[in-house]
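Two complexes, one shared chain (subunit A), two partners (subunit B, subunit C).
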Partner chain A sequence: MAEDTFLSDDLLRQLMSVGEVDLLVGITSHSSAQAIRQAMQVIEQSFQQNFVRQRVVIVNIDGGGPKDEAEVSAGNSDGQPEGNPHVPILTSLRTVHHVTARFSGTPSQGTALRTVLAASDLLQARACAIVSPTTSNLTPQWIANLLRPAYRDNFDFVAPLYTRHKYQGLLARILLYPMSRAVFGKRIRELFADEWGFSGRLGTHCLNQNVWHEAAIHSRPEAWMAVSAISSDYRCCQAFLGPKPQPPTGSGPDIVEAIRQTVGTFFWCLETRAGSWLEREGSEPVPTFGPEHELTSEPVELNLQRMFELFCSGVKELEPILSTVLERETHAEIMDIVAVDAKTFRFGADLWVRTLYDFASSYHHQVMNRDHLVQALVPLYRGKIYSFLQEHANSSPEEMEEANERLCLEFERQKLYLRERWTKRVEVKV
Partner chain B sequence: MALQEDSLWYKDAVIYQLHVRAFCDSNADGIGDFTGLTQRLDYLQELGVTALWLLPFHPSPLRDDGYDIADYTAVHPSYGSLEDFKTFLTAAHNRGIRVIIEMVLNHTSDQHPWFQEARSSRDNPKRNWYVWSDTDTRYAGVRIIFIDTEMSNWAWDPVSKSYYWHRFFSHQPDLNFDNPEVFEAVWEVMKFWLNLGVDGFRLDAVPYLVEREGTSCENLPETHAIMREIRKRLDQSYPGKMLLAEANQWPADVRAYFGQGDEFHAAFHFPLMPRMFMAVKLEDRKPIIEILNQTPAIPETCQWCIFLRNHDELTLEMVTDVERDYMYDEYAVDKTMRINLGIRRRLAPMMENDRRRIELLNGLLMSMPGTPIIYYGDEIGMGDNIYLGDRNGVRTPMQWNGGTNAGFSFADPERLYAPVISNAVYGYQAVNVDSQKRFSHSLLSWMKSIIRVRNAFRVFSRGSMEFLHPSNHRVLAYIRQIGEERVLVVNNLSNSAQAVELDVQRYKGYIPIEMFGRNIFPKFGELPYLLTLGPYQFYWFRLRRF
Partner chain C sequence: MRDTIVQGLEQAYNNLVHMIAEFLPRFVVMLIIILLGLLVAFVLRYLLRGLLGLTKLDRVSEDAGASRVLRMADLPSMTELLSRSFFWLTWIGFILIGISVLGVAGLQEQISRLFRFLPEVVIAILILFLGLVAANFLSRAALLAAVNAGLPSPRLVSWSVRFILWMLTISMALEEIGVARQTVIAAFSIVFGASMLGLALAFGLGGQELARRSLERHFGDARKEEDKEPHPL
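Then we have the complex of A and B:
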């Protein structure tokens, strides 16, 4: 039996009124009315500054945050612009439409993205962007940078690039980026991003995939969309946006949840797209608009000792699971480094790569509950971070970039190892 | 049919703008004349227009199509005599058609005797009738209007060896309205024509009458004082006559020319015009709603005059740079189509001869607040000739039939003041009055029909306007109302079929009656009123309650 439509009659009515558009920006809210209002103002400014002639729409997916987003975003810019009527005001030539959709079922990022993609498909949008109101320094230029490559240069996927502190975004820099680069062969730094751009073509392709009931899609659908692009013939690029502030302490997911969401989704993506990457060798850069990835190095207080203790205790506690997930040699080496003292501890690149490839393969072979498996990576990740920060306590951003590049190459060098483990027949230990 | 006595006649008028030279040539000299125009008055009466606005017909070297006047109280010999004008005026009035003529009071031709005297010596009594200077640095920063041809607002006069001020072409020196003698001379000219019976003046280039250092030399208080004095004298001596301002300014600036109902009776709404074109191209009502929301209320006795095209370029002065670029890109890709800050094209070619869009724009023109002005030839969809130079491409001979010279003249074609349009699409064999008279579905027949409907309902000319805001932005909908008379206008600005839901709950129980076919539509109820419209389709509904 076909599922009921996930598009409400109200949303369809709003979309009918909008008609065909050139550009669509989706806001997946879950935020306060104030944050959404600010994001919408920024998007409107971007349209006014960069896309005055285009047919545009802002689609706000109401995640049920505190207050009435619908009131924030309903309607359109039909009215009189403020200001002195004597003076011509720079505004979009066309109406800037606002569409608000409420979830008909359980709110999730996946449902929100699916709704945006459906809107994009119905409105025949040529280029789209997704932004998050939680990004406090969203600017009109960010929106333009995400839309332009898809709208003017026919790219299908536009990943963001940020200026990061050298200790910021480490999960991406030492795990997700190097591994995705080695696996899929495309050098996209930010697979898990709060904002990204895409073509209507890619949006429609993703909309038509039968994945929307998968758990991995619900929390971090952006990585799946990114992987869908980089593992196919879609044209991918990166657009530099600027500094990406860290969310206030306590507002983001903790490291366990972050790894469950990102690494879990990423492993699931590897699984679903295996046919496209197993035989791929090496990696290639993608076109980048604006400067390359930037790192800054203001001093930051870190509690490394605590991190090392959590590594050691976690590995000991999860030893039975690790022995199931990891190859014997990898497991042995892990147990060796747990035994050394904090000062001489090093989690080498070679071991780190094999560890991750073992985890990915075990995930694929379902050697155990996949959620538990992914969570077992947490202490190892802490150990790697501790080692990385110890090594680079005094490194310049340039030196850290070089180290990161070496790590990436190590992932690429050992891809054969992944392929062998991935395709090997495995007896599942119960 | 005699003229109806109504001092507010200009509010209900449908004005037809024409150039005597271009309309009909009665003596086979290749140039239209008053006798020819008189012969064609039946056509204009049949069309349904109630007033004519004549472009300048005075003696002139014709370096600016007659806006360079060399004698204010005579008729250019090519167009006939003063007697011919009187005959025409009487004939027009007999058909219930009023006549508005041009009054170019900002400047004269440099061939005008006033200027010839003024330049003859610095001591000449008429020297101060114009604005002179020993340098070209006075009034620095004042914008140049004809940017394609003029480098400065000052021109050197080799005769009197000094500079004279001109806001338009250098052969059009500005009169000095700081000199009371100039004002009296201009008033004498106006009296001359009023005494002959003309019904009003279209005053050219009004904002530029007075100059003051440190200002833009536009819209100055002294200019308004001059206009108030003219209006006072007009009301005292010639009640029922009207003044129409050409002030290409933002609505809030033009508003000042209405004063407290004691300056102009009417003024052009320049910024609305390009926005109607923009809205249709953008398929979005936003430009129209924005500019009308910025348009201030005017005194009860005053009126806006609205138009689609006229004898000048489609002016893009009252738009933003972004809007101007858009208009150029969409309507004047070929740079030959551009002149000054505008587009020198006629309505039909701009609409790519798309009958639906031509009708939609005329529907907007006839249903929005203001007195509509139709430019001659647009009622049959005449084309233009962008290769004629200046704005002459939209001033070609009227196309009456498919015969010699389009029925405009029996002169040899080479003798015509301008060649007739003869291409395969807009040429006179394809587009002419006689052929369109033969068919009830022709553009001409349709124009007669819409003018007839408009003339039958005073709500269009005097009613208020209230926008509806359906969520479909491709649809522009508004209610016109005067007393108990209400009309709902719904326009699909887009090239595709549209559905629209109108919030007409306030009019629950009203029955909409489509005004062209007089068909009854379903009654308004509690729910939003659903309408579907084909591409560029529009409806006018009379709202009745029983």
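Then we have the complex of A and C:
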């Protein structure tokens, strides 16, 4: 293990009583006892249906919420699950072990993942999956789809794929996926997800990295794990899970917080893994189990006008900050499109790519506080989303996918620009 | 009579020679100390400039907005300013030590008072610098938060934060060097209290709708229709 003192005595005692396992599923989110119990039942069903002969364990990271173990536990004292009306036959030949790691406060996602990785390392698990109880439509098949590629096909990182509404997950589709694909050279669509799988090898590799004190790891460690797998030449794949249960609008995470967490972590990954991507050209697909992508297009009401207003006011108010972050030409072009009428407004792919590459380079050169820099991207993201949705108001999912592919290619085409700006020596203007 | 005059002149001459004989070595020592101080100050300035260059202080200063203020005041970069200040402080210290060697009555007390005052000046400058950095950082954070939340007049919010912190910093620095201590504290209390009361009244009376929307956005069960944006993740 990386650190003997990291795991508590109680957790170590539980893990030692389990012995070695083949499969491990970690629950890292901090939800109600009801949600955790349901997630545990689903995981157990998956084990019963798909991994009858394997030695398995469920590791629950308990942040000390309003629940007790008896309330959370899905199984009886023998470790066997209680009856479930949805599962007619339980056929496991092995005991399903439950391990609970308790923290006095709510642990960060990074601490929770680190605990799962340490448990996996100690139990010599061959394949692991992380799931979130907040995912309301988690099914046994999801768990199987995440574990199987790592367990049977020797893949090291299993990214999920979902069926999404065409307006859902736009941050991933117009920023994170195209940029990560161009930079790291692997076509993994969902770097930031609540569920993913990995091999014990990759888990141990990540556990031994000296990054666990980093703020970027605390909030969204999954992207760092994916980037670690890509840049260290581990075998990556994607597995289709099903529909992502989020409404396409509203009640999701705050857009500013989402960008701070995801884009901030992604830029940090660029910074720490620069050696592995600077010279890389083009991109290559990764093996995918199931459909590559699925978009749905039920009608949804959006307040686009409000987004455009926030874009315009944001660009004007943040002009001094944007002039520091962006190249002069890029900034001038953005100031030009702010003056355009809302109906004819377009945030072109070329300008969007240069904007993001300028932001990434400025993050690298630390032209200002990095968290502030990432926050300054929010109005521009709103502008791009507005333009994208205007452009594709009547587009079919296939047409949107084609547009997304063109955007990805634009990111790849302009990678030289990023490389030049990244390696350019920046003199402080004094 | 003539002998008395000659004797008096001889006495005066002897005294003068004695004084010069006594003063000249001290003067030479003073010059040596001052020259040595100049050399030491040059070396220290060179070393400090290199050290600050390694720590990328100029970048931090640029980020914090301190460089912008320096440029507005037609001052050099932070590294250059600090190394020059350190040069002058060191050399002035040596000059004062040199002068004290002369043993001029009354000067010793003034020099020791000056030495006692110097640390307070340095601390006051440090307070000003840190206050400037904090004011710039927090005002930018406020600007970004206000812009991204779509609040009206984000620059006003940002400038309010900056103004309050500047007031606090300047009052602390003046208090440190003991300039009109009571007046500064009273003035700060009045201005700060008046600003807070003004903001509270403005927000409470003029911005009831804004306050309600802000509270709803942060603590409400669901966002209003007008705030709906596509789900980012």
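Observations, loosely collected:
Basically, the second predicted complex is superposed on the first by the 391 of 430 C-alpha atoms of A that agree within 3 Å, B and C clash if a C-alpha of one lies under 4 Å from a C-alpha of the other, contacts with A are read in each partner's own complex, and residues count from 1 in each chain.
Simple rule for what comes next: contacts are C-beta pairs under 8 Å (C-beta built on N, C-alpha and C of every residue); 3 or more make two chains touch, one makes a residue touch a chain.
Everything numeric here is computed off the predicted structure, so don't read it as measured data.
Look at A:41: by the touch rule set out above, it reaches neither subunit B nor subunit C.
Once chain A of one complex is fitted onto chain A of the other, the partner contacts of A:52 are limited to subunit B, with no touch recorded for subunit C. Comparing subunit B with subunit C, more residues of subunit A are touched by C. Within the superposed three-chain model, A:14 lies in touch with subunit B and out of touch with subunit C [touch as defined at top]. After overlaying the two complexes on the shared chain, residue contacts for A:369 are found with subunit C alone; subunit B is out of touch. Legend: residue contacts after superposition of the two complexes on their common chain; A:97 is shown touching subunit B, with no touch to subunit C. When both complexes are aligned on chain A by C-alpha atoms, no subunit A residue touches subunit B in the first and subunit C in the second. Residues of subunit B that touch subunit A in their complex: 250-253, 278, 282-287, 289-290, 293-294, 296, 318-320, 322-323, 326, 469-474, 494, 496, 498-499. Listing the residues of subunit C that touch subunit A in their complex gives 58-59, 62-63, 67, 71, 76-78, 80, 137, 140-141, 143-145, 147-150, 154-155, 222-223, 225-233. For subunit A in complex with subunit B, the touching residues are 13-14, 16-19, 52-53, 55, 75-81, 85-86, 88-95, 97. Residues of subunit A touching subunit C in their complex: 167-172, 192, 246-253, 255-256, 258-259, 262, 301-303, 306-307, 309-310, 313-314, 317-318, 321, 366-369, 372, 375-376, 378-379, 382, 385, 389, 428-430.
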